[in-house]
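One chain, subunit A, links the two complexes that follow: it is found with subunit B in the first and with subunit C in the second.
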Partner chain A sequence: MDVVVCIKQVVDPELPVRDFAIDPSTRRQVREGRPLVISTYDEHALEVGLQLKDRHGGTVKALTIGPRAAVGDAVRLALAMGADEAVVVDDPRGPDLPGVEKAAVLAAAVRKLGRADLVLTGCESADWVERVVPPLVAEALGASCVTFVSTAEFSGNGLVVRRLADDGFHVVDVRLPAVLSIASDDANRPRLPKVKDIVAAKRKPVHVWAMADVPVTSGDRRVRAPEVQGVTIPERTAKCELLSGDPAEQVATLVQRLRALKLL
Partner chain B sequence: MPALLIVATVFDAGLARSSLELVGAARPIAAGLRLDLTAVVLGPGPGLAEAAEVLHRHGVGKIWRAAHSLLTSGQTDALLPVVEQAARTAAPQVVMVSADTVGRELAPRLAYRLGASLISEAVEVGTDGHAVVAKRQVYGGRAVAEEAAASWPVVVSVKPRTTDVPEPWPVAGSVEDLVVSLDEASLATRVREVRREQADVGLEDAQVVVGGGRGLGGADGFKTIGELAAALGGAVGASRPPADSGWVPINWQIGQTGKTIRPALYIAVGISGATQHVAGVTGSRTIVAINRDPEAPIFSLAHFGLVGDYREIVPLLTAKVRELKGA
Partner chain C sequence: MAVELSDEHRMIQATVREFAARELLPIAADLDQRPRYPADVVAKAADLGLMGMMVPEEYGGQGLDPLAYVIAQEELARVSAGFQTIVTVNNSLVCDPILQFGTEEQRRRYLPGLASGRTLGCYCLTEPTAGSDAMSLRASAVLRDGEWVLSGTKVFVTNGVEADLCVVYARTEDTKGARGISAFLVEKSFPGVTVGKVEHKLGIRCSSTAEVVFDECRVPADNLLGQRGDGGKIALATLDGGRIGIAAQALGIARASLEDATAYVRQRHQFGAPVATFQAVRWALADMATRLEAARLLTYRAAALRAAGQPHAREAAMAKLAASETAMFAAHKAVQLFGGYGYIQEYAVERYFRDAKITEIYEGTSEIQRMVISRSLLSRR
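Coming up: the complex of A and B.
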């Protein structure tokens, strides 16, 4: 089984709100001076790929579009977790390209890598949360697609996966090749690399491709991205009434307030 | 007139609420861009006729109806070719899909097949008379992106529970059956089993939701807030840590990755109020926060705040509610 995991480098999404700023010229988050991490669910996707490799062999390759100078940390962590090699499609705007464009480049890069039975992604990027990359990569590759998957196991010639759904869980049979987007779950908590893994990662190959070296076809680029007209930080106006007194008094006041609002 | 096509589904209990929400979101767009409001309604069969009537009653004229035993919950690979068939027949300028389990797979793939523009996960959608414009939550709910698409067709997916169900607006309509040919053996993915969770009061449809966070300390804490929810006739939800740690099923999660809710009353217990959680609850009419840290960010969002240990406050509140309801 040969697995490609698409990882995106993002500004730490749990950074305090005061460290968050929008650059009006790019209409994107300011990255300078902020800690950069692998997008939350992409680490879970790596874990799912590595567990498949641990159990059944094969390879795991990490693939990212981003500026080569900055993505080193993300790539090194992926390799230390256990990926065999990594590909960086070098582009200064990489993480902030429209989802539609990234999907086209990722699909073309997967094809250029040669054989892949399975492409894994996060269920959403922690910053842009567009949720379009995985289904679009699947279409461009002519692969099966299931999103919000928490576990994947081999079954016959394909996979059986668990999809998080509005009405519970779906157990889904999936033909290969496939693109799965991964949601977090107790079973795919990302592993922490040990010191020897970090050392070993230094010897693993990292291929840097220029954007021009990735042969994107018109078939990859069928969807048009919307124009981003603005990114704004909404003002919060709600004023909270902090109820006073001991717990019993607070509860009594709350009940009064809720009754006045006809909520009780 | 060119058309706006809504993708509506009837999987079990009648027309999906999110399908009706789409109609509400679609009406101003159809008016602003002078489009006929049309729909394709899909399902295994039962309830499709009634659903078509509900759609007519809410402003949808022409309806394409598709019935097939494979058009069931989660069966994206059966639904997608039929929606594509409807779209090729209706040749719409705009297609609207709910970003639910199926829709978040279907919308991008449909856009690919139609060579369309794609707006994903809108929480607000409208038109300026020339383009479809939408708002999306980005950066973990810290910011809102405004996107516009004017190169037709446009496929838009709309996050469930970000708008209210619309008022009726009856129109004369017609129903045409689509001839559906699906071959089970050719499906790339096949739902083998659906395992339901929290079937009694669905989190997304409850009028009262009690959400628990890491501050509950474990699965036992969810029993405490479960009693409050039961007394209120509501549902229980959670922030991400309890869902990730297996204290509660993962699909109880509310927020950016989890569900969006818009109940009349949301009570957040032991939840700090991270933006990714808040992203899923801002549509709630009244928000109450119970947290022992007076500095918790949830208090800048809530209407009423109770500062203290939930283990003291929640049982008292539950008792009070029972007393009132019993009376």
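Coming up: the complex of A and C.
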């Protein structure tokens, strides 16, 4: 079973808010000088792929798009966690490509890789949160697609996956090849790389492909990418209001306010 | 001399930081308040590769350089100095001398177990009447019928309760001082080894500190570590590495103090403003950060010299002296910045304060470090 896991390197979402900035000229998040990490759910996707490999053998390949020089950390971590090899599609616009474009490149790259029974991605990226990549990759590859998957297990010729739903979870039989978008779950908490695997990671193969070497077909790009008109950081305002009345009235008002804010 | 962290170092740092956050942070306060040996976390640390970091892969270790080791130790000590003590003793004081002075057979017999966490090591040098003056130790070893018969009492042995293997220093010659001492690899299961009094300590409370008694303990001749009479040399060479590990521990405690204090003074309001706006508070943070950074550079430098195989006894002593006094300084400041809240167990800084003190004492007191440093200055022509 050959698994490809798509990973994206993003500015560490754990950074303090004060370190978050947008470049108005590009309408993109400023990445320079910020620590870059594998997007949160992509790491969970990698864990799902590695668990399948641990249990059933096969290979796990990490695939990313980005400027070659800037994706080293993500690739190294993926290899240290246990991916067998990595492919970097070298594109300086990588992290800021719209999801539609990115999905087309990823689909073309998966096809170039040859055999892939399963493509895993995070259910959303930690920066743009578009959630469009997995279904579009599946569409381009003619593969099945299930989103927000927490666990996956082989069954017969396909997979049985558990998919998060508002009312609990759905159990879905999936035929291969398939694209799954992975949500976080206790069962797929990313493993820590062992120290010796960190050292061994540098001996694993990393293939760098130029964009020109990844032939994107018209079928890979069936929808037009939206154009980002503007990006702003919401202003945070804090307001304190004292509720009047006796405790019972205060509670009633409080509940009413919280409901109005859809917090209850 | 510039010391740069490689990508590999940074990834090891991130990994150990995450390990400490996942496995140690939730239990660090409890391990201090209800002291116990955290066998399950030690096993996980071993699985990650932290118990024999500098042991080459052929002996079951990770084959890392001393800088990687220092970085990892700081991360562990940042969260639990007590836990890090268990780890650093196994690495620096047990694996290291076996690797440096052991025979091939000794390395193959003992290092894979120690590096994988299947066994744990301890270092038996100090005696009731031989502390800073370690070379006056009295434990004796006599060759009888092709075996060494070892007798004596060792105190303040870290990991003494749980250890499976003891590196023991004993006098094999009548001569006084370092020359009459030899080192032995003594398995705890050898007849005649018992654990005596277990100490109750001010800090680093989840690591055991115990008396280990050797009563006519018979040790195979093959378990002599290094040459007969080389024990003093082995003990001191081992401590050069050990001091780098303790310096890293002190860095972790100092950083914990600084980070916790910085977070606290931002949110603590007095006189209508965050206390972080007061100059006295800001200067305290500045002093803590400056001393921490200086101590870290000294520690990295000592580690880099050791990695390069260059003499580093003086630099290790400097690193340990600076880092341990920085830990004490920073923890003291942190408690003061927290005020009354720094004195209660609800906040971790009181633990840092108690943990910091040992770094000025064990593996050579600050006074001994000053002796080592000044001796090296004065012996120069």
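Points to keep in mind about this one:
Note that the second predicted complex is superposed on the first by the 238 of 264 C-alpha atoms of A that agree within 3 Å, B and C clash if a C-alpha of one lies under 4 Å from a C-alpha of the other, contacts with A are read in each partner's own complex, and residues count from 1 in each chain.
Rule of thumb we're sticking to: contacts are C-beta pairs under 8 Å (C-beta built on N, C-alpha and C of every residue); 3 or more make two chains touch, one makes a residue touch a chain.
Given the structure is predicted, the values throughout are model-derived calculations rather than measurements.
Counting residues of subunit A touched by each partner, subunit B versus subunit C, the larger count belongs to B.
Contacts of A:R222 after superposition: subunit B is touched, whereas subunit C is not reached. Looking at the shared chain after the overlay, A:R55 reaches neither subunit B nor subunit C. Of the two partner chains placed by the overlay, only subunit C lies in contact with A:A80; subunit B stays clear of it. In the overlay built on the shared chain, the residue A:A252 is in contact with subunit B alone; subunit C does not reach it. By the touch criterion defined above, A:K196 lies against subunit C but remains apart from subunit B after alignment on the C-alpha atoms of chain A.
In the superposition on chain A, contact is made by A:G72 with subunit C only, not with subunit B. After overlaying the two complexes on the shared chain, residue contacts for A:R115 are found with neither subunit B nor subunit C. The touching residues of subunit C, counted against subunit A in their complex, run 7-8, 10-12, 15, 18-19, 22, 47-50, 53, 57, 62-64, 68, 72. Across the complex, subunit A is touched by residues 73-74, 76-77, 99-101, 104-105, 107-109, 111-113, 115-121, 133-134, 136-140, 142-149, 151, 160, 188-197, 204, 208, 232, 240, 244-246, 250-251, 256-257, 259, 264-265, 274-276, 286-289, 294, 297, 299-309, 312-313, 316-317, 320-321, 324 of subunit B. Residues of subunit A that touch subunit C in their complex: 72-73, 76-77, 80, 192-196, 198-199, 202. Within the complex, the subunit A residues that touch subunit B are 13-14, 17, 20, 22, 27, 29, 41, 99-100, 123-124, 126-132, 135-136, 138-140, 144-148, 150, 160, 163-175, 178, 183-186, 189, 222-234, 236, 238, 240-243, 247-248, 250-252, 254-255, 257-259, 261, 263-264.
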